[in-house]
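You will see subunit A twice below: alongside subunit B first, and alongside subunit C after that.
For the complex of A and B:
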């Protein structure tokens, strides 16, 4: 019993976080005949896959006590690189860029004590500008093998499903079955205490920022391949959407609490809101307002607890 | 006898062909907007009856995003046009908040809902080519509210603005400045194809002259951002002989900055927004404004309706009316309406007064 309670505190999961996507799913099943069609469900999966990948990276940083606003810009630069660089070099170069941005963010936050918001805001601005310099006008040709990886239908299932399941399993394993995951929670909950127990909090946080940027690169690759063209601004909305998704899923921005299941629930909630609004013909201007209200409700109904104090 | 029969058959064939041709010619040319606002720019036609379908129809529109008064008015005009047609059972409007991924998702959702016609205003043609192809493969006619170039092969293309928009402003400044001087360029939202096309048109117009670009910024087609940027330039004392704007909200902001700072106005370009026309007339600035009518939205709905009615349409239409200048300014400016109104409008006068009457 005590173990369950402790686990719940660490995951940040609340009944609200899990009930939201479930309630939306039931509501849409009842109100739209199109919603349950295979075509639409496959669409929803493809639409949320990039957000899921980037949000899981964001969650790792958040659990460690940070935040990364450069996620969207990294996705944009990835997109720009994929359509402007030799196809054989594009993916390695994009990942190298991701590592560099993550290192800069992490080192700035830990060794230069810059606040994560300011640090990642600065890198976001720089990376976004760089992306527009590399590819000022949307277009270009995405390497064929990436298109196949993103839009094919192996075994009759959309490729996005495999991407989603893959990153969910990877993130779950990393956070729940490795020493890295345990240390991430420890550093986020109480860095001083983690330090006293032999964990290099600074080095660990840098690693979290690098992982987050790598996740953003992966999300950028998937999104660019899915759309079939490069766009330097492709990820612009993702910086805040990833924060919204993980907050909806109970990940605490103060660090030390969060779960993969929560992030999946948050991403599903956002995806279903967007898809549902289109299917029901509700004014798109309401989407942002509804998302904001849901976020306020979800956060307001979550009891804040001091973790690891 | 056989010879006579052949002659009779040939005569009948020619007669029938002539009748068919006459009937085709008799089909009234579909008027998407008044002739002075739009013209067909391609001789290629969508064959009559290709997309004919019984009503009521479900028409979907994927728009790129909101953010200025032109878009708000265009959406209102488009929705009113759809609502006034009894054969349109449902008109689904989506906006992508300037996000490529959201626009792709919106289009997928509209196709899944089995719309009878799809109107798309793409953030960039390359970003939606898969969804356009998917809709066409499903037998859904696609009306491109934009320029697709070689990338998008939509059923019908309806557009204005673009390079021509930028060119009008660039040509005006070139003439006013006598081909030499320093220009500031206020651009729209970075990465948007329409923005790039306007800028390209402007650069084309001043190419080969001694005009230099002293400063170039992205004002996001926004009054507040435009004002900040213009203030920075004016306060820094940078030289300027003329200013090119990708959108009139930024022009209005810059006229305000010049007036507040007591700096003599230089020739500026704008567009057909009533707020800009008011500022233009009030400040007495030397200006030129290409007309980018919000009526293009209703024109796309009319194109969709024509296709579903089985009518033949040209494949390309372009709107490039004669620009507003200091001579004809009074015939466009509406002092009784507020700054959010854009000329020329398809709205009925009572609706215009209801929506835009100045308090």
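For the complex of A and C:
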């Protein structure tokens, strides 16, 4: 019992976070006949795969005590790069860009001591501008092999399922089975004491920001390949959606607590809500409003010490 | 002999150094304005005609008003990114045609709406202690989502005649919008300098924990600041809607980030307890001027965004280095 309590403090998981997607699932099964069709479920999966990839990256930064609002812009720039650069160079270049953005965020936060929100807002704005400069109008041709990776159906299952399971396993392994994961929790819970125990908190945080940007690039690649065209602003909603998803899943924005399972639950909640609203014919603009309400609810329930930013 | 010769020179040296550090601690906006004006003189001298400068100042008025509110928020270690959302809300209230009231009543409703948004922000930030950036972004999502969803039902109407007049009228050659900006700015600056409330703001900004334990009405101050910020956003929205003439759901979308850039450039940073109203004001003028310069050089939206990002990032980093040393 005690062990369970200690665990829930580390994972930040609450029964509500896990019950929410289940309740939504049951509700949607009852209210819409098309919801349970295999086609729609595959659709939900491919709709949320990009969000899942980006949210897991966001969660790693959050557990280490930071936040990254540049996720959406990085996805947009990835998309812009994929359709403008030579196909053989596109993917390496996109990942190099991700590393660069992550380094800038991480160094700004650690060595220049800028508040993570301000720092990532700055890089978000810059990267979004750059993306629009690279690819001003949506369109272009996505390299064929990427298209295959995103929309093919190996073994009769949608490719998005393999992407999702892959990143979930990777993130789970990273956070729960490696030194890196342990250090991430330590740095997020108390950077000073982690430092005294021989973890270079600054260097570790920089690594977390780089990972988050790499996850955003991956999400951008998947989304671009799935849509089949480049769009510099395709990630616009993702910065806040990732924060909403992980906050719903019990990842503490103050750092030190969170779990892969929670992030998956949060992503499912958001995905089911938007799919459900789609099926029930509710205006897509209201979806943004609902995300806002969920975000307010999720972070309003997280207690923290400081008032302000 | 050497003593006589060196001692006055060291004092001038010290004085020079003191003056130098005083200049160095001035907001970046001042130096940046100077550089921009010089750059404009060589590249686009036409921008420097008094006529155009006054027009640019008029154009800067909404940003200037929003920046006052943003600067107050940042001085109490908070951030208000709901400015864009408030303006969209105001635009919808005034031009959406949903409410069957006369223009003055609609403007009062818009003001009440601003107060409500400010109170909502403040409730989440102070009572539930949620991150101000996330709260205000979420509020923006909600307002914009609802307003855009409803505005699909009918096309937006014209702006109230009064607001259009305000944006068009001039006294002599000075636009009325500019005068309104000044009429709001000066009393606020005096009030913040003379009042206890201004001291509270500085105390919270300098050391929140010390301010909390010494019994300063922390929650009340942050609440009032957020309500003020939303009210400034409403007034800024009034001016914008007057400029455009018709309602639009795209109004003020970049105002939240621009005001953040203006405030950081204007010398207000987290955790210093410093910062005035003049710095952000100069920065608002400077930013608007630089956007005009970029447009005149044929660079569009992407360059503007990149400049904004660079300004926010570099200025914030430079200030925190300055503070550390």
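In this section, the second predicted complex is superposed on the first by the 282 of 309 C-alpha atoms of A that agree within 3 Å, B and C clash if a C-alpha of one lies under 4 Å from a C-alpha of the other, contacts with A are read in each partner's own complex, and residues count from 1 in each chain.
Note that a contact is a pair of C-beta atoms (placed from the backbone, for glycine too) under 8 Å apart; a residue touches a chain by one contact, two chains touch by 3 or more.
What you see is a predicted model, and the numbers here were worked out from it, not measured in a lab.
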item: Contacts of A:37 with subunit B and subunit C, given as first, second, both or neither; value: first
item: Which superposed partner A:108 touches (first subunit B, second subunit C, both, neither); value: second
item: Partner chain in contact with A:279 - subunit B first, subunit C second, else both or neither; value: first
item: More subunit A residues in contact - subunit B or subunit C; value: C
item: Subunit B versus subunit C as contact partner of A:155, first or second or both or neither; value: neither
item: Partner chain(s) touched by A:132 [first = subunit B, second = subunit C, both, neither]; value: both
item: Overlapping contact positions on subunit A, where the subunit C interface meets the subunit B interface; value: 132, 136, 283, 285, 288
item: Residues of subunit C defined as touching subunit A within the complex; value: 76-79, 124-126, 128-135, 137-146, 148-149, 152, 208, 218-219, 222, 257, 260, 264, 270, 301-313, 316-317, 320-321, 324
item: Touch list for subunit A against partner subunit B, complex; value: 34, 37, 39-40, 43, 46-47, 50, 132, 136-140, 151, 223, 226-229, 231-234, 236-237, 274-275, 278-279, 281, 283-285, 288
item: Contacting residues of subunit A [partner subunit C, same complex]; value: 67, 69, 104, 108, 112-115, 117-119, 121-133, 136, 240, 243-244, 247, 253, 283, 285-293, 295-296, 299-309
item: Touching residues (chain side subunit B, partner subunit A) in the complex; value: 66, 90, 92-95, 97-102, 104-106, 108-110, 112-114, 123-127, 129-130, 151, 190-191, 193, 196
